[in-house]
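In the two assemblies presented below, chain A is common to both, partnered first by chain B and then by chain C.
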Partner chain A sequence: MGAIILRRLATSVPTILVSTILVFALRYLMPGGPVEAMLGGGTGQYTPAQIAAIKARLGLNAPVPVQYWRWLTGVLHGNLGMSYYSQQPVTTVIAPRVIPSVELIIGALVVSTVAGGGLGILAAVKRGRPLGRAVQLGTGLGLSVPDFWLAAMAAGVFGLTLGLFPAVGFTPISQSLGGNIDTLTLPVLMLSVVTGSFLARHVASAMTAALDSPYIRTAWAMGLPPRTIYLNCALRNAAAPVITFIPLAVAALVGGTVLVENIFAIPGLGTEIVSSVSNEDYPVVQAIVLLVGVLVAVLNLLADVGLALFDPRIRNAISE
Partner chain B sequence: MPFPNSGRGNAPLASAPGGAVPQTALAPGGGADAPAALAGRGGRGRGGGQRFGLVPRIGLVLFCLLLLSSLLAPLLPIDNPLQQTLSLRNAGPSLRHLLGTDMVGRDVLSRAIYGCRSAFEGVGVGVLAMLALGVPWGLAAGFSGGAADEALMRIADALLSFPPLVLAIGVVSALGASITHAMVTVGFISAPGLARLLRSAVLPLRGAGFVLIARSLGVSRLRIAVRHVLPNAMAPAVVQTVAAASFFLIVEAALSFLGLGVPPPAPSWGADMASAYLNFTGDPAATVAPGLAITIGAWSISAVGDGLRDVLMRT
Partner chain C sequence: MIMSGRRGGAPLPQSAPRPGDEVLRIDGLEVEFGSGPARTTALRGIDLTLHAGRVLGVAGESGCGKTTSALAVMGLLPRGAAVRGSIRYRGTELLGLPEKELRRYRGRHLAMIFQETTTALNPVIRAGDQLMMAARAHVRGSRADARERVRAALTDVRLADADRVMASYPHELSGGMCQRVIIAMALSCGSAVLFADEPTTALDVSVQEEILGLIRGLVTRRRLAVMMISHDLAVLADVCDDIAVMYRGEIVESGPAPAVLGSPAHPYTRGLLDCLPTLQGRRDTLPELPSDPAGTPTVPGCRFRPRCGWAVDACREPPDLVPVLAGQPRTSRCWRSTAVLGHGAREAGRAPGIPAAADHEGRG
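Up next is the complex of A and B:
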């Protein structure tokens, strides 16, 4: 097992490297380059000598690969630069923002896995019948509904009109657990609609494939109870292809949290990245994009290792 | 956010985990795409299985209606989407304003109809960018094989699950708010998913009879790849492109909702929703109309994609 983890770890290093190159390259997309970005209002009002001094200070005279290497080693030491806006280290700015976002993502992942898994099994078991079709249609619709629209309306109806939950705001878990759950319920539920529908679709198609296989026919012929056949025989085989979709679900949830956090005014990475864009606080944006890329790569790794633990066929395929 | 690189329903085709796991390892359906590309294409006539069903037809009709109304918007008997009537703010539905007016007295229905235009523009830009990068990528990887294939697919794996919305925000912060920049980014970051699918459809065709014959006749490799292999391997890529278009529609709205896309006075579903939702209880129609438009647009496109999958790909 250790060898498998190592082998898989070796393949996620290039993944993470590519995301760092991508993020590093972003700053060269800026019309005036990093200098103008730092000066904000354009370089016109500065003398060439001043600009040269800033270039030297930022290390921009070195060749690009050297700059990349310096930046990368800095990042590995936890040095993500200074925020242009607050003049604080970027790590100080984004560190408190991580927990609310992670809470949202984990909560939505749990809800959508449970709900999506259940609906997917239902769709496969009742396939071709009205209930199965209804689930398929519902999940198809769930994939097309913009989650930020649902979130906006939920904040209006359940928050403002009915007053069941707080419409906006966030109570940290360190302050009050109940308040934390209260403020996160609506956002998590709204985030789960799309991901849940997505997972339901994949569970349904994997379950359908499993239910059509000969060993299930044998199980029926042996007279096993339907419950055992569905949950013990079919689901177990259907779970493996579904696990590979969890990192994709996480990537999608990350996008969704940006919107949902902004609607419910949750102080997470999503609100930070949007306000940093309007403040032209480029280092913070860059750091959050990088953090997200690495987060998704790590989750990919975990899913693959989980898959290998779960399914001996894959374990054998990797070690060959 | 929905799922850029996943091709929605077609679970087995969408992605293999990492480069380390051979596709055939995912036995229940995982290896199905390679034989399907051969078996489905080799025979006479269309290789597909089912017919274009009822739900896809409904989707196609809805999509055509949206497209027509966005093209013919100036001819329709609706108000100018920019015209403000301050005496009629947050008005309910009336004969003149079927869906009422928004917080500055603009006609909600008219803005929803004109909003189609910016939505479809964004989708078009995204799809073009995705095809421009993804098709050569997948074709080159699948047709050349060996080390080039390995390298191209490693890069694709690395980009595959990067959240498109977050990257688009990063690019917009560097280049300035522009829906074109954002959608080109989203298209590019979705290209690896397309490349991966195309590559796995191209791979089994490398040794196909018609390729060997073309090669023995002295046809150049580029011509074989583009004229002979690509048309035979396109089915999964077409399905994926349509699925991606539905996702792009939502991303365009999301970016405008965050104020990073279409600038405010112009009618846009996302931006209109952003300005209306804070006043949801006072004037629900102004929030509901653009959201419903996004949902219908995205659903109709993905229903067409599901129908195409049934027709083009054997399951």
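Up next is the complex of A and C:
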């Protein structure tokens, strides 16, 4: 098992390295380039001497690979640069923003895995019957309803009209656990709709394939109880596609937080990245994108290890 | 439609059947799939009997209903299949039993193995754990007790290194070993009836011989009643006591294996025997005609008539499955059975393992 982790770790290093290059390149892709961004729109009112001074201070005169190397070593030392907008270290700006987003993503991952997984199993087991059809219809609906519309409707109906939950705003967990849960319930549920529906479809097709296989027919022929057949024999085989899907789900959820945080006014990374982009505060944007990239790479690594744990054939294939 | 039978935890004979005892009796079994215009009839009323310590071979082309009849007994037909007739296991009517009841019979009294070998075992569960699951599905008792039964079953299927096999995943075992493990699963709860659906088709010829020998041995030692399904008459000739030949959902000929294979009394059986490869090369007489129900026109009278070289005007009336000769346990669904029989009996043996086979020259 250790060998598998090492091998996968070795392959994820290049992935992360490439993502840092892409993230670094962001500053050159931004309209106007870094200097204009830092000066807050338009270099017109500055003398060329002033601009040259800023360039020198930012190290923008060095060759690009050198700039990249300086930036990368800084990142590895935990120095993500200074925010242009607030003139504070990026880490200071981002740190408090990480917690609400992580809460949202973990909450949505748990809800969509449990609900989506359960519905997927149900759809496969009750396939062709009214209940199975209803589940497939529901998840189809969940996939096709625009999430921004759904989130706005939920905020309106459950937040404003029914008053069950706060429509907008966020109470940090450090302040009040109850308040924290209250403010996160709707955003988490809305975030889970698409991912959960997707996962349900995924589990349903993997379960259906497993249930149609010769080994499940053998299990029936041996008179095993249905519960054992569904949850022990079939689900173990359906686990692989689900594990592979988790990193993709997290990547999708990160995208979803941008939307949900902005609709529910939650001070997380999603709202931060939107305001940073409009402020052209590229060190913050870079830091958030890098964070997400590393997160997805690490999750992919964990998913590969999880796959090997579940399937002995994959274990063999990797160690040979 | 006979759906009465004893319901709800009917008492079953706990003693093992004696050799020759009738353990399973199928009467007038009909199976239909689908509904409305898409409805197809898979079985048109078949009668079969399985005896303890005997092997019944069921032969026929793909789609003739061999597997369907076994699945019907096991209660494993897809949902929506309409089943009529009677299936009695040692006196208990199985047809119409609720799924929950029927499940007590599967694996405990009736077991079935399939053509797939490596894929018929769960790829992500160790063989030992799968065997344990089967062993504990019906018999209450400790894990240690179940483990003992599994070991005994593995010894019974001639898997010497039981510990290694139990610790292996299916992909680490050969096809022959997998089939042995599956047979051991079927035996671990003491089934009295085994349906073997093309159990050796996916295996090498040498392994095929071993598995057939193994099944034959189990029939003798455990007094197992076996229904061996195969399209390969050479395989059936090897292991069967009795043979039933099926064509398009009907039994067209049945009787003791040496008699049926030695001197067939139905043109279809003769045709199947002619298709066996010989040392002189393969002779094909049948494959020229489509065999699926959609392909061959459905004609009034004998269903085999469009493909039959013996057909005469009388064949426009449907023949019944009747004794070929008075006082003999042989039946044929053919108006000209005695003529077919007389023709075949003069021929010398041809296919390996078959006492005497028919010749296709000069038919009709």
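Here, the second predicted complex is superposed on the first by the 319 of 320 C-alpha atoms of A that agree within 3 Å, B and C clash if a C-alpha of one lies under 4 Å from a C-alpha of the other, contacts with A are read in each partner's own complex, and residues count from 1 in each chain.
Just so we're on the same page, contacts are C-beta pairs under 8 Å (C-beta built on N, C-alpha and C of every residue); 3 or more make two chains touch, one makes a residue touch a chain.
What you see is a predicted model, and the numbers here were worked out from it, not measured in a lab.
Superimposing the complexes on chain A yields a three-chain arrangement in which chain B and chain C fit side by side. Shared-chain residue A:274: touches chain B; no touch with chain C. In the superposed model, A:69 makes contact with neither chain B nor chain C. When the two complexes are overlaid on their common chain A, residue A:218 makes contact with chain C while staying clear of chain B. Chain B and chain C, viewed from the C-alpha centre of chain A in the overlaid structures, lie at an angle of 70 degrees when rounded to the nearest 10. Greater residue coverage of chain A by touch, when chain B is weighed against chain C, goes to B.
Residue contacts after overlaying the shared chain place A:313 against chain B and chain C alike. In the superposition on chain A, A:237 makes contact with both chain B and chain C. By the touch criterion defined above, A:254 reaches chain B but does not reach chain C.
Using the contact criterion defined above for the overlaid structures, shared-chain residue A:228 touches chain C, although it does not reach chain B.
Touch criterion met: A:293 reaches chain B, while chain C stays clear of it.
Of all Cα pairs spanning chain B and chain C in the superposition, the closest are 8 Å apart.
Residues 213, 237, 313 of chain A are contacted both by chain B in one complex and by chain C in the other.
Chain C contributes residues 74, 76, 79, 103-108, 111-114, 116, 119-125, 133-134, 137-138, 169, 171, 182, 185-186, 189 to its touches with chain A in the complex. The part of chain A that touches chain C in the complex is made up of residues 128, 213-215, 217-225, 228, 232-233, 236-237, 310-313, 316.
Within the complex formed with chain B, the chain A residues making contact are 7-8, 11-12, 14-19, 22-23, 26-27, 29-31, 37, 137, 140-141, 143-150, 152-153, 155-157, 160-161, 194, 198, 201-202, 205-206, 209-210, 213, 237-238, 240-242, 244-245, 247-256, 258-259, 262-263, 273-274, 276-278, 280, 282, 285-286, 288-289, 292-293, 296-297, 300, 303-304, 307, 313-314, 317-318.
For chain B in complex with chain A, the residues that touch the partner chain are 1-6, 8-12, 14-22, 25-30, 55, 154-155, 157-159, 161-167, 169-176, 246, 250, 253-254, 257-260, 273, 277, 280-281, 284, 287-288, 290-291, 294-295, 298-299, 302-303, 306.
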